[in-house]
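What follows is chain A paired twice: with chain B in the first complex and chain C in the second.
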Partner chain A sequence: MGAIMKLRAIDPKVVYLLLFIVLAVPLIRPIGLPIEVSMYAQRFYNQVEALKPGALVFYSLSFTVAKTVEFYPQMVAVTQHLVAKKARIVYASWLVDNPPLVEKLFTDLSFEKRGLKYGTDYVHLGFIPGVATGMASFARDVHKTVGADYGGKPVGDLPLMAEAKKAQDFVLLVGFLSINFDQFVGQIQTPYKLPLVVGTDGVSFAGMLPYLSAGQVMGILNSMIGAAEYEALIRVTGKGTGYMDAQQMSHFLIIALVIVGNVAMIMQRGSRRESR
Partner chain B sequence: MTSIDLRRDIAYVIVFIMGIITTVEYFVVSPGLRSISADVQSWATIVAAFSLGVGSINLLRIHGRQVVKRGQGYYNNAVLLAGMCMTIVVGLWGTTSHPTYQFIFFNILYPSDTAVWSLLGFYIASAAVRTLRIRTKEGAVLLVAGILTLIKNSPTMGVVWGGFSVIGDWLLSVPNSAAVRGIMICSAIGVLALGLRVLLRQERTSLGGR
Partner chain C sequence: MIEAIGNVIAAACILSIFSYLYSENRAFRLVEHLFIGIAAGHMVVMTIFTLRSSLWVPLSRGSTVLVIPLVLGLLLYFIFSKKYSYIYRLSMALLIGVGTGLSLRAAAHANLAVQIAATMTPLVASPLDAFKTFNNILTLVMVVGTISYFFFHWEQRGILGASGKIGRYAMMIAFGASFGNTVMGRLAVLIGQVDFLLFTEGIYVIPVALVCFLVAAFYPGLKSKKPKKDRT
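Presenting the complex of A and B:
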């Protein structure tokens, strides 16, 4: 009884310590908790799965570096699927933070070793400034907006870009977006009525759901859960699956502490009434 | 009329013309107007790229002044300036795909930014434990919704009992979406009104006015 009462006013330092332990242990030694795939991830997967070989995909990013942990596992899983479907991909970023992550993706997934040819199978356009205006301009005329790729090579010299001149040339938009999501939908997806699938962070997920029910977004990956779900769908055990063990354990801890705190509060109320 | 007023007037005329072109072009089908609008948007992209340079100069001025004056915590300003200058030099000299630039990005910026963001998780967890209490009816509703959302975000619980997913999805797609839609529609109307005010020169603060 006394111990439970103490838990009513638990010291934040104890919460931090417990949280650290439940996060660290599964990261060091993954548990392999089962994962149920949500309809949001399933719909995202279905869009990519339906791509024909050679389909032209526009893959863009807009999130701050701090959120890389939430986005990068999603990017890896989705790119693996796109490559397996033999899609041809044009990468671009709406935020200056993101181009190095695209380069890291190429290295981590060994694009060259897989036989993917730069300029023919994929292109990296780097950072496109101007947010909504930049997006509108890109959608209308890719070559006029972006003169050179991330490495400084003229866009006109890249064979893949001869087919990617305007938004309508792409069959699917893949976005890893938190910042500038509304602008992306407003300037590219809606005016040109293109299918859009989005990977996002936990904070932005709830705000994107109205777009899903409106049919403007065809599927959403929600933070690390989304990454883990996508890995389950493509049958790959990646970082998302490993991170989810830690995240779920932290959720269980918080739920347990909230329940214990409330039980202690109710018991204290009862004992006060009795003493009166 | 002072030179500042004249400059502001010229800026307003430019804003008005550009705003009208891009707005009208969206609703009226005209190849000529469409071509002009496309050019305007390309210019805007270039101007936006320049704004990054203006931002850097502004940072240099503000923090440089603090270092020169030896104001309180001037060494923080010095570290910021040194970091900024080093990154700019490496980026310009060796491009952003240069190994040194990549080192700065992945070994300084990325871990420090991520660490600060991660700390937020600890604060939120502690706050949730202390505040999610059944003190009132509203508090009870918040507690139940909070716990269900945590369960919904734990895919293992969906394997344990499918009902958790159904309830979590309903919470997200019905009450949550309704609230988000309301906020979105209101903010869109606000943006529209603000745009009109800027075009009609009613929003004087937009170009440095009072």
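Presenting the complex of A and C:
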């Protein structure tokens, strides 16, 4: 009893150290805890799986660079699936943080070695400013909104962009969004009634669920667990799967600390009553 | 080689930020300022890229209509003139007007009308599905409860009190789910950093950081002084 009571006054630095150990051990020596695929990830997968070869997909990003760890494994998994389905992809970002990540994605997934041709199979438009204004303008006329791609090449010179002139030209919208999600739905998805699948971070996930119920979003990937689920669906072992042991172990630690803290608090209350 | 040097610098930055958990120190402040500087620099570069793609390339290809937004954009710089600062309001008014109009359109239709319509589902699901029916009833009860919690005109007693209580519990469940996801997201970010420290060249920085930590712990003179209070 005394030990539990002492835990209430534990130095937070000890908790930080404990958390570091709990995260580091499964990363060094993976345990292989099972992962259950959620309905949200399954619905996301179904949308991509249903694409026909050559389907035009709009792939957009809007999240701060600090959230890269949550988004990037999702992006890798989804892009691998899109490439396997032979989709043609137009990449764009609504936040200045994101274009370098798209370039990193091309390098990490060796787009050139896979035989994907820039301008024919994929295009990177870079950052589109203005948020709501930029989105509304892009949906109405892509070429008038973005004159050149991320490398400065006029979009009119890119063969793929001859088919991507307005929002309705895209078969599927894939968004990795936390910031500006509601604007994206309001300016592009709902007015043009396009199917949208979203990868998001843990903070934004709960807020997106009503959009799923309303049919505005067809599937959601939630943070790193979303990436792990998608990797399981496409049968690839990536970063998401590798991180899941550490994620689950850290949750066990937090639950244990919450229980210990509450038990100690109840015990303290009881001992105070007795002393009265 | 360049990537390895980059990883070592990144690891040193990560550990400097983490050092704040022990106490505020000069390394933490240095990296904090570096981050702000780099973010500002990145923003400037991206703005130049955007000007190139959205203005310079189309303008050089004959889209002369873009001169109008160019002039409107330049007018914004009149904010720095005491005498002519009123001119920048023309552009600002246009920006606010268009932005508000578009946002309201999105809010009213996509974020309100469609959401309300999605809430109005038949109580008994057809074809008969017990789980879906239960879900629909639960949605109705919780939505009505939550909205009634925000009736401030009447005292929360009787039926309104009971309904408001249901609404409060519904919101607590929603906030709990949101908080749980937030914790999961924050831990994911931490896992990424720990993974980076352990499995890149960043691992060589850990012993150096530990030595620095021990020196700082046993020689308090190295700790940064508290910043002076702002007297303004």
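In this section, the second predicted complex is superposed on the first by the 267 of 276 C-alpha atoms of A that agree within 3 Å, B and C clash if a C-alpha of one lies under 4 Å from a C-alpha of the other, contacts with A are read in each partner's own complex, and residues count from 1 in each chain.
Here is the rule we use: a residue touches a chain if its C-beta (ideal position, glycine included) is under 8 Å from a C-beta of that chain, and two chains touch if they have at least 3 such contacts.
Small disclaimer: the values here were computed from a predicted structure and weren't measured.
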| item | value |
| --- | --- |
| Partner chain(s) touched by A:Arg272 [first = chain B, second = chain C, both, neither] | neither |
| Touching partner for A:Pro99 - first (chain B), second (chain C), both, neither | both |
| Which of chain B and chain C A:Met39 touches, first, second, both or neither | first |
| Partner chain in contact with A:Gly202 - chain B first, chain C second, else both or neither | both |
| Touching partner for A:Ile28 - first (chain B), second (chain C), both, neither | second |
| Which superposed partner A:Arg235 touches (first chain B, second chain C, both, neither) | neither |
| Which of chain B and chain C A:Leu257 touches, first, second, both or neither | first |
| First, second, both or neither for A:Ala246, with chain B first and chain C second | second |
| Partner chain(s) touched by A:Thr190 [first = chain B, second = chain C, both, neither] | second |
| Footprint overlap on chain A, where chain B in one structure and chain C in the other make contact | 12, 16, 19-20, 66-69, 96, 99, 126, 128-129, 133, 136, 144-145, 150, 152, 202, 206-207, 210, 213, 222, 225, 247, 250-251, 254 |
| Chain A to chain B touching residues, read off their complex | 10, 12, 15-16, 19-20, 33-39, 64-69, 96, 99-100, 103-104, 126, 128-131, 133-134, 136-137, 140-141, 144-145, 150-152, 202, 206-207, 209-210, 213, 222, 225, 228-229, 244, 247-248, 250-255, 257-258, 261-262, 265-266 |
| Residues of chain B defined as touching chain A within the complex | 38, 41-42, 44-45, 47-49, 51-52, 95-97, 101-102, 105-106, 109-110, 113-114, 116-118, 121-122, 125-126, 128-130, 132-135, 143, 146-147, 150-151, 153-156, 158-159, 165, 169, 172-173, 176-177, 180-181, 184 |
| Chain A-facing residues of chain C, complex | 21-22, 42-43, 46-47, 49-50, 52-58, 61, 63, 98-99, 102-103, 105-107, 109-111, 114-115, 117-118, 174, 177-178, 181-195, 198-199 |
| Contacting residues of chain A [partner chain C, same complex] | 12-13, 16, 19-20, 23-24, 27-28, 66-70, 96-97, 99, 125-129, 132-133, 136, 144-150, 152, 154, 156, 182-183, 185-187, 189-191, 201-203, 205-207, 210-211, 213-216, 222-225, 239, 242-243, 246-247, 250-251, 254 |
